[in-house]
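Which chain is which? They are A, B, C and D, in the order written, and residues in each are numbered from 1.
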Amino acid sequence: MISNTSNNSTAIVLMHCPDQKGIVARVTKFLSDNNGNIIYLEQHVDNQAKEFFMRIEWDLEHFSIPQEKIADYFNTLIASHYGMTWNIYFSNQVPRMALFVSKMSHCLFDMLARYQAGEWNVHIPFIISNHPDMEPVAKQFGIEFHLFPVDAKNKQDVEAQEIKLLKDNNINFVVLARYMQVLSENFIEQFPNKIINIHHSFLPAFPGAKPYHSAYERGVKIIGATSHYVTTDLDAGPIIAQDVAHISHTDTIKNLIRIGQDLEKIVLSRAVYAHLQRKILVYKNRTIIFN
Amino acid sequence: MISNTSNNSTAIVLMHCPDQKGIVARVTKFLSDNNGNIIYLEQHVDNQAKEFFMRIEWDLEHFSIPQEKIADYFNTLIASHYGMTWNIYFSNQVPRMALFVSKMSHCLFDMLARYQAGEWNVHIPFIISNHPDMEPVAKQFGIEFHLFPVDAKNKQDVEAQEIKLLKDNNINFVVLARYMQVLSENFIEQFPNKIINIHHSFLPAFPGAKPYHSAYERGVKIIGATSHYVTTDLDAGPIIAQDVAHISHTDTIKNLIRIGQDLEKIVLSRAVYAHLQRKILVYKNRTIIFN
Amino acid sequence: MISNTSNNSTAIVLMHCPDQKGIVARVTKFLSDNNGNIIYLEQHVDNQAKEFFMRIEWDLEHFSIPQEKIADYFNTLIASHYGMTWNIYFSNQVPRMALFVSKMSHCLFDMLARYQAGEWNVHIPFIISNHPDMEPVAKQFGIEFHLFPVDAKNKQDVEAQEIKLLKDNNINFVVLARYMQVLSENFIEQFPNKIINIHHSFLPAFPGAKPYHSAYERGVKIIGATSHYVTTDLDAGPIIAQDVAHISHTDTIKNLIRIGQDLEKIVLSRAVYAHLQRKILVYKNRTIIFN
Amino acid sequence: MISNTSNNSTAIVLMHCPDQKGIVARVTKFLSDNNGNIIYLEQHVDNQAKEFFMRIEWDLEHFSIPQEKIADYFNTLIASHYGMTWNIYFSNQVPRMALFVSKMSHCLFDMLARYQAGEWNVHIPFIISNHPDMEPVAKQFGIEFHLFPVDAKNKQDVEAQEIKLLKDNNINFVVLARYMQVLSENFIEQFPNKIINIHHSFLPAFPGAKPYHSAYERGVKIIGATSHYVTTDLDAGPIIAQDVAHISHTDTIKNLIRIGQDLEKIVLSRAVYAHLQRKILVYKNRTIIFN
């Protein structure tokens, strides 16, 4: 392997398959035979499930297979051989992300600040909300804002419009930045492992509504935040990132909310960053997060 | 107030009552009128419950009321006036603690090491266990070991013997150091807020059996430990201390157990220390832990 | 004491003096005699320095001394009696804060987001910078931006203009949000314990320039951020808040900077919040941070 | 690769060399050609130093090269080809560790408790001390205790005797469990990266004596502990593990010591465990700690 710190385009493969002999040897030989300098390789074996996971990234500069043919070759020569579930990404294809918000600004500001500062390699074409409150923030950052008020009656229609908007704009993934609506099964199933949520507790404790109130009531000494992929099982999807803060009896519910919001925004942004870096694999409702 | 770093005997009062005007002024005046130098005063008001809490400690050296009469005077002159729930403790009366264990040694070793090093102001007359495994550890530290094998049939009898042993030996509080038996309501009710347990998860997540297995299954990114007073509601008593460790997909269940045991022993010892320092008040299933 | 959750105006006194008998009793009696309901009282005794510290906050609604006379009465009746160093603040007087920045946006965005969301009780009349980079951010949030390019030659003049601007605008305190200039002694001495800085390491490790590079070089397993009041001794002022993150050998310097920026912004905002809440006392280059 | 959870003997190679193409492919091919099932592979590239690092562990059960010849074959067929610095370890060869202590028991108890519980795959033939205080603890755990009182005059002689004792007993590495003596250059140079120390601060802050006193004096809001390999440069060797605890103005020096001792013992035991697991590589005074 040859280290690489240049800004060349790279290819990233995320893969998993039943554990077998010789996978690493075969993949690395394929790349080195075709002049692909490996920049990063991390593998993991789940000994309980007997499943093999790998993330590999290589420089495309001198790679002898043209970018548009790599997927086909990889599939034929490697993936099909091992029965791999896999995806390939290219660093020169910037992912497109949509933000869903309701009334709170802390997660939204945190992500837009990173976006504007160029910290993330992403496009954010628009923000969707069920309330008008965040429109001024969208405007401040020069991002389109789409208002879709939702109620029990119009939910199906509204979601249909939202899905159309997402698809028409080639959105790759959605981030729910304290979006206070439960998405329907239909919506969720169209974006498997492509909707990232932030929940304001250390799951699986305090799922559902008002976790800070429940935390206060229970008298816990830590509060937390959890970012996860959304599945049809509420607050039970694969966890990407979690963090906690210590609290004490002197902290009122108002304090828990204030302290918790700092956790929420940092944990959500960490999760989005890992997703953007193509560092996450999902397997049986658990995540593998490469380094 | 006059600071004090001498090793004189002190009195400690833990109190709470409905919030009213002038409590601090009256208590501090009572002490200063009787030449009691305050070493420590911390008060807390729960604005939601409108309840006032205080811990106050003062030097007995020049205090003009004899130690054996303080409780009576305090009750008449202060506590009854405000409808206080309160307790008084004296630093020259060393508390007596019983340890309950089963098969695991990590919490036991941690506490006995502190005990032997003189880190804690406590007496540990004996260890009780439902298994013989820890007898050699008890012997190493020169502490009596009582074996009480428990099964569904003999549980009531065994608990009766244990309670008798505790009472005959004037045990003030019990610590369950990974004791793998659920105590009966009868047992628990005889030691209200006097049984400290360690649970190997960040409660209220993963109560009951095998929390590390559940944590692995759920794919959480943190694991935790919780020390609490035992109530008749399983793993739902007032929380004293909690802590967590970050884990990753590379951690097997075996790793979670290994990492978690370090949390368990430190969190349990922290809780016991706070209890020994008379820093804990319980109110409505929550704890106030003074600094 | 009577708890209070109303939104009435309050007075806050921060005080310290040599430890003496009866201080708490006298202060609380003064307040209760004049119908001042105490909302918050926290005291601390530094047993080594024999110094007493207190923060007390009370409701002004039924307080029988008019707001404009409280300072005078408190001084005569209490403070002068004990030789107190003290300050009084009123919740109905919103503090005025100036932000100094250079080229980085993360701390600036974090504070302006809180400001815009109404999380802080503060006015930010303007931002000062030695570089034009952050002008668009100031504009986004509708805040005046003053550019003062600094070099070795003009430093004295520029600082004189800055000080004039701060004083003409009745600025109460200054926050250096990764401002990459060392302020002169003259500047610092005009704002004692009124300039809050964020340093990107866990001080006292890695003071001065390029702490992330030094951290990488030294091979530490944690990085940190420290917020402190600026004194004439570089990076050696009283510490207000610190936090750390765990890192590993896989983290490049670029990663350290990225991870560290999240620490910096949260730690700085925590420090500013404590300052705004009037929770900080400085004594002998150390801070007392009330709960 | 084939996962393995059996208890077969394994071989572990830790290696590093200048980064080159094809290393992973060649090593994994060598193992799979000889029927060695890889249990664990983790590699790391230091892009700044252009150095490649790897830890690889494989099952010996069906491996076609006899254990005693593996080192020779690996050297000829792989290591010499790439100019590797490397070491091989076998899980069926239990490492031998010596403990150095002075007067404090907390780290000693923590390690002996793990040792007795079978948590670590290690032999501890004896404890060396410059004070008699810990002899009873050694006796409790049935471990030989060697007393070597040291003063300025006899230091050279005593160290010579200690080194002889270590070598005669085939000691593989030494752990300084709050051993309050500085070892000579001569001693240190005979055990490169084989002496693990615990320092009671977050290095590089507060090196040398009395770090808790310095931490108190400086008014830091966190304290820490650092485990590192000992080099001839005091408290400046490669860092293995670090952790911190938050403290406040209410914590006296005595409290810092008490809180810090919990950090010290956990951090030191974590470092020893990583060393025993053969997870540590040292390169240019920094450590690579594999997962």
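The definition used in the following text is that a contact is a pair of C-beta atoms (placed from the backbone, for glycine too) under 8 Å apart; a residue touches a chain by one contact, two chains touch by 3 or more.
Computed from a prediction, not measured in an experiment: that's the story for all the values here.
J.: Looking only at C-beta pairs that count as contacts, which pair of chains has more of them, A-D or B-D?
T.: Most C-beta pairs in contact, of the two: A-D.
J.: With centres defined by CA atoms only, which chain is the most remote from subunit A?
T.: Chain centre farthest from subunit A's centre: B.
J.: Where the CA atoms of subunit B average out and where those of subunit D average out, how many Å apart are those spots?
T.: 36
J.: If you average the CA atoms of subunit C and of subunit D, how many Å lie between those two points?
T.: Averaging C-alpha atoms per chain gives centres 42 Å apart.
J.: Indicate the residues of subunit A shared as contacts by at least two other chains.
T.: 46-48, 248, 250 - these are the residues of subunit A that touch more than one other chain.
J.: Under the definition above, what is the set of subunit D residues touching subunit B in their complex?
T.: 105-106, 109-110, 113, 116-117, 119, 137, 140-141, 248, 250, 258, 262, 266, 269, 291
J.: Residues of subunit C touching subunit D in their complex?
T.: Listed in rising order, the residues are 44, 46-48, 202-206, 218-222, 224, 238-244, 248-250, 252-253, 285-289.
J.: Hey, which residues of subunit A end up touching subunit D in the complex?
T.: 1-5, 19-25, 28-29, 32, 37-43, 45-48, 50, 52, 246
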